[in-house]
Amino acid sequence: MFDGLFNWFYQFQVSFSFLLLSAIGLAVIFGMMGVINLAHGEFMMLGAYATTFLAVKGVPLALAILIGALAVGVFGAVIEMLVIRRLYGRLLDSVAATWAIGLILSQGMLILTGPSIQGVSSPFGSFSVGAISYSWYRIVLGVVSLLLIAGLYILFMKTEFGLRARATIQNQPIARSLGVDTARMYTLTFALGSALAGLAGGLFAPTATIVPFFGTNYTVEAFVTVIVGGANALVGTPLAAASLGVINAALGTKYGLYIARVGLLLTTIVIIRVLPTGISGLVERWRMRPARQR
Amino acid sequence: MADAQPLLMLDNVSKRFGGLRAVSDMNLTVGQGELRCLIGPNGAGKSTIFKLIMGFERPTSGTIAFGGDRIDGWPTWKRARQGLSIKMQIPGVYPELSVQDNMRVAAQNHVASHEMAESIRGLLARVGLDGLAGEQVKNLSHGQQQWLEIGMALSAKPKLLLLDEPTAGMGPGETEATARIVESLNADGMAILVIEHDMAFIRRIARTVTVMNLGKLFAEGTITEIEANQDVTDIYLGRS
Amino acid sequence: MDTNGFGQSAVAAKVSRRQLVKTSALTAGAMALASKIDVNYALAQDEGPVKIGWLGDRTGDFSLVGVQKYAAAELAVKELNEKGGILGREVQLVAEDAQSDNRRYQEMARKLLLQDKIDVLHACFTSAGREAIRPIIDQNKAIFFYNNQYEGGVCDNYVFPTGCVPDHQVVPFMPAVMDKFGKRVYTIAADYNFGQLTAAWCKKFVEANGGEVIGEEFIPLDVSQFSTTITNIQNAAPDILIVLLVGIKQSSFYEQKNSAGMQVPMATTVNMGQAYEHKRFPAPALSNMYVTVNFMEELAEGLGTDFPERVRSVAPDLEYVGMECAAEYEGINMYALGAEKAGTTEKDAVRKALESGISFEGPGGTVSIDPATHHTVRNIYMVHADENHNIVLDETFEAVRPDWLSADMGCDLPNKPDNTQYEP
Amino acid sequence: MPRRTSWLSAENIAFVIFLIFMIVYPFRTDDFGILNAAYFAALTLLALSLSMIWGKAGILSFGQTAFFGIGGYLYGIYTLNVLGSAQTWVGLAVGMLAGGIVAAILGWFMFYGGVNDVFVGLTTLALTLVLQTFMAQTAGPEWTVGEARLNGYNGMYIPQLSFGEMPLYGRPLYFVYLAILIGVYLLLRWLSSTRWGYGLLALQENRPRTESFGYNVRLMQVQVFALAGVVAALSGVLYASWGGYIDPSSMGLTAAITPVIYVAIGGRRSLTASMISSMILLKLSQLLASSAPEYALVIFGLLALLAVLFVPEGFVVALFNLIDRHLLNRGGGNLPGMTAPVEEVTANG
């Protein structure tokens, strides 16, 4: 009984943390700036490469992941200043541009490093519950996801940066007239989203093959989570990751990965019809309710 | 003029956005060929009334009738084809298209193709934009864009024209020109409902004025009556 | 008119209406072309260089194997030229990159055949790529060497599948691993033809040897997270896990099952041999992985061949010399022997020569073409990776014959034209 | 300001040159060149389909390849079950219809549900991926529709479009494909010059405003989406017949994004620019794949990036505008593809 429950919980938290980590960088950029970053997967790939490269050289894994995330964040800031900045208000064009950036990154990495590089192992080993053994690292990923959400919440709700960022999203001209350097806010937000992508790439690096197309492993999950979650990264993305995580884990355990995947995509299409603004739209509406009854 | 049936009738119309009551229990009638001004302080719900009439928003309760039909469940396009036309507060023109294409877009559901060129030319002359037919709209001045939008609203040959702040951002000369356009349209028998803040403009054109405050009907009467009404002055000064 | 493709009699016997439709459509196409194309080829043949067409994945998902195969082709052509070419004519490698994209395979196959007028095509890695161009090959009556491990069953006059098939790999392999570890088998396979058909083969031979398949899971190609699968396997607690995963994404399985602490012997027909997972993943992710191959870099010393060094003489940066690298090299050389034997590069003649039984001393030992099926008789090596990912040779099966197609399915290409892929 | 009132515009001249080139080309090339150009013509329909919804109605879809796949598969399923060369043309209609119906249903789903802009892109992307995932696992024999075996990633063999007993091949094939491409192009251009087309142009800029002029905006969005679905499905049918083959990767992520890039580089607002750029870029991508495979995609990505950054209206459209302004003395302000109606009005007025 406990074994079964634990197994279910383990599968759920694995799905949850992968969906959340894959999506959070994309969600921050989409939610704050309205930009769909189709190079998201390639940013994750950069994080994975940086992490792996450093870890193989002997840098402790945790440090390597952090440096990787930071490096991708800086890279994201540069991309924002060179490209994204010119495309605000041209949403569909920014989709095409980021796709092109992604293509250049993955193909460039192939030219630079070849089809694959030596990976690193997942740390922490395994533990057993009943007859089944589990990976500690997966548990760590779950904990990191929760910490990340908490950290982002603090960043956006309790800091000066968060205040300015929220002011910028809600009304750019007014924020500017209040003395917020909105251009800088956009750069920082894009850098933050990129760093989160890099962080996810670094965290996933020990669990997957390190290849230039590493990012495509996660883009579908990331997009699905962002669609379901809607524009609010702090509220929508965790809720979307949780609900999709339940679907994924339940279907995967019972019917196998194919059904799980089809279930994930079909859920997404249905959600779009029922909740065009995603879960965060629903939450907004729900927040309004007590007010209406006043 | 038979005043048997009002052209537009709002009966107990309310609109809530979440916890906010934008319009509550509003009654409003506009007769055939009437020129009416709708005034009130910011946030009184004037623009919401327009949105409800045009169908951009649906009322939470109450009914809206137009030309004898109950229209509050209709989609916007159907209302437009029934003879409702609007000039919005923020110019609802198509900046990427030329003046002529803007007019054509507005006219094609109401004007036969062989009359199109003639109709567009006539209307552009009427709103003072003749000679600018080929210009891209984003190159026009703000006032010109306002007139263009009036022209576009007219090309639908409306029975009732809704004008939301037609003189916003205009200088005195432009305001006067706009007033003349509005008057001549009304003289041709078109019913017009105008939202305005510019009291001089209202004095210049209006016969009947409806005042809204806090989403409700506050006062109704001739312009002289309204200007003499101390309560109306108070709400503008925030003393209500 | 026998040369005109696959006569109706060949198919009528046991073939479904579907195949009939397909065949007649292609036959009609081939007839429509016959006059024109024959003229073109007549002009091209027996003068100038011998053009070896090469089409594979130098970029994209499958480039780990594609670059090995390309290096093998370069080496084979270089060596042929050093030995005076084919029929005294220079050998020219006309290579195109299909970028792991089936559509590109179709475009480039047409280009090589119609524009470059190649004499033979050595192409493809995945079964999907092969199937994408097979209609084009048949339509143009070209010679197509598919030098690659696959799920077996292709009986086609114009195709020479020289790599390993389940006859080679599964038939001797299943009893050997079951004797070692036990009879309860769990299969995870890529959810497409290769995975499904090879899984069916494995099931057949597990059961034939008194074993039982206690679980089977087919995994979409773009899945890279295996957490639920790993738990399902552990719940079933099999003696052997058959792993038929393909592609870069699915190779993440090994590290994941390792970090989840799953210890179960694994058997496969593709891993390590093709994309050197034992080199790419840190030990011990692939320890106790058993595979049957025609060649692997680590076997070179035991086999007494300097093939890996020779390949690296043309491609110094090559990371690994695996089973398909050797198969590609052998395929090109077998074509050369066939053309020499025919005394011409005229396609019908070369095909007949190849069907007369050609043998070549390749890196993995003697390889000869089985006339009835166009597949190869070759040596197969069962190996496994130890805890440090060193390759250990367990058993050698010599001159394994791929005779399922001929014995059970009646494939007899020289006498009975066909273009079907049969399934177990 | 007086203005020339003729059909003489860079866009129309480019179309005529393109047409002449396409007619002469098969007599100046080899068998491969002919078949290859036919293949490009088939795929270029996909670019036209995208240009119609993205450029003319402001709907960015990553789902055109899904309709492409539906067309190809349905054509295959029909022609494998109903034999006969005349039936291949019925199959073509079946494929197109299927694409149109699925697009109409999805369109109704989205536009009447209030889904717009970026979310349309994401929804259509999800549809593409669902279809690919589904088709990819149809390898087993249980996935057979009548006589047609779907065959998963190994793809499905498909009969070719035929006249009498002869499958289309070589020049006849090419000219049939070219005629279809040009026919669809002219049809779409004509449609964009009608009232309906003008309405699309307007709703692209401002949906509520356009509705207030009496346009049934949602219905028009569904209509244009379904129309583009039909064209995309036609593209899929022609592709499937060309290679005698279709597989799930024709609905993959790469396949979905490629036409978007072609249209973005050429200029989405102009059907002519989209068509010409799609042809050129298909050829370029093939050339690069031959000559510099490792660098091909990098170059392509850079090209797309430069277009979006510095020539947002598209390289081909920018060229049209330049020629119009400096060589033909036509003023700016006209959108490519909109010349005829503007002139009609000007001529009368």
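Note that the chains take the letters A, B, C and D in the order they are written out, and that residue 1 is the start of every chain.
Throughout what follows, contacts are C-beta pairs under 8 Å (C-beta built on N, C-alpha and C of every residue); 3 or more make two chains touch, one makes a residue touch a chain.
Since the structure is predicted, the reported quantities are computational estimates derived from the model, not experimental observations.
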item: Chain labels contacting subunit A and also subunit B; value: D
item: Middle chain, criterion being Cα centroid separation; value: D
item: Farthest-lying chain, centroid of Cα atoms versus that of subunit C; value: B
item: Between C-D and B-D, the pair with more C-beta contacts; value: C-D
item: Distance between the centres, which are taken as Cα means, of subunit D and subunit B, whole angstrom; value: 42
item: Distance from the mean Cα position of subunit C to that of subunit B, given in whole angstrom; value: 75
item: Chain centre separation in whole Å, for subunit D relative to subunit C (CA means); value: 36
item: Distance between the centres, which are taken as Cα means, of subunit D and subunit A, whole angstrom; value: 33
item: Where subunit C touches two or more other chains at once, by residue number; value: 59, 191, 218, 220, 222
item: Touching two or more other chains - residues of subunit A; value: 107, 110, 216, 220, 258, 261
item: Residues within subunit B bordering two or more other chains; value: none
item: Contacting residues of subunit A [partner subunit C, same complex]; value: 7, 10-11, 14-15, 18, 107, 110, 114-116, 118-122, 124-128, 131-138, 206-209, 211, 213, 216-218, 220, 249, 252-253, 256-258, 260-261
item: List of subunit D residues in touch with subunit A within their complex; value: 54, 60, 109-110, 113-115, 117-119, 121-123, 125-127, 129-130, 133-134, 137, 253, 257, 260-261, 264, 294-295, 297-298, 300-305, 308-309, 312
item: Contact footprint of subunit A on subunit C as seen in their complex; value: 59, 61, 63-64, 67, 191, 217-220, 222-229, 231-232, 234-235, 237, 248-249, 251-252, 255-256, 258-262, 279-282, 285, 317, 319
item: Touching residues on subunit B, where the partner in the complex is subunit D; value: 54-56, 75-78, 80-81, 85-86, 88, 92, 94-98, 100-101, 104-106, 108-110, 113, 116-118, 120-121, 133-136, 152, 156
item: Subunit D to subunit C touching residues, read off their complex; value: 30-33, 35-36, 39, 80, 83, 133, 136-137, 139-141, 147-149, 151-155, 157, 159-160, 162, 165-167, 169-170, 243-245, 247, 249-250, 254-255, 286, 289-290, 293-294, 296-297
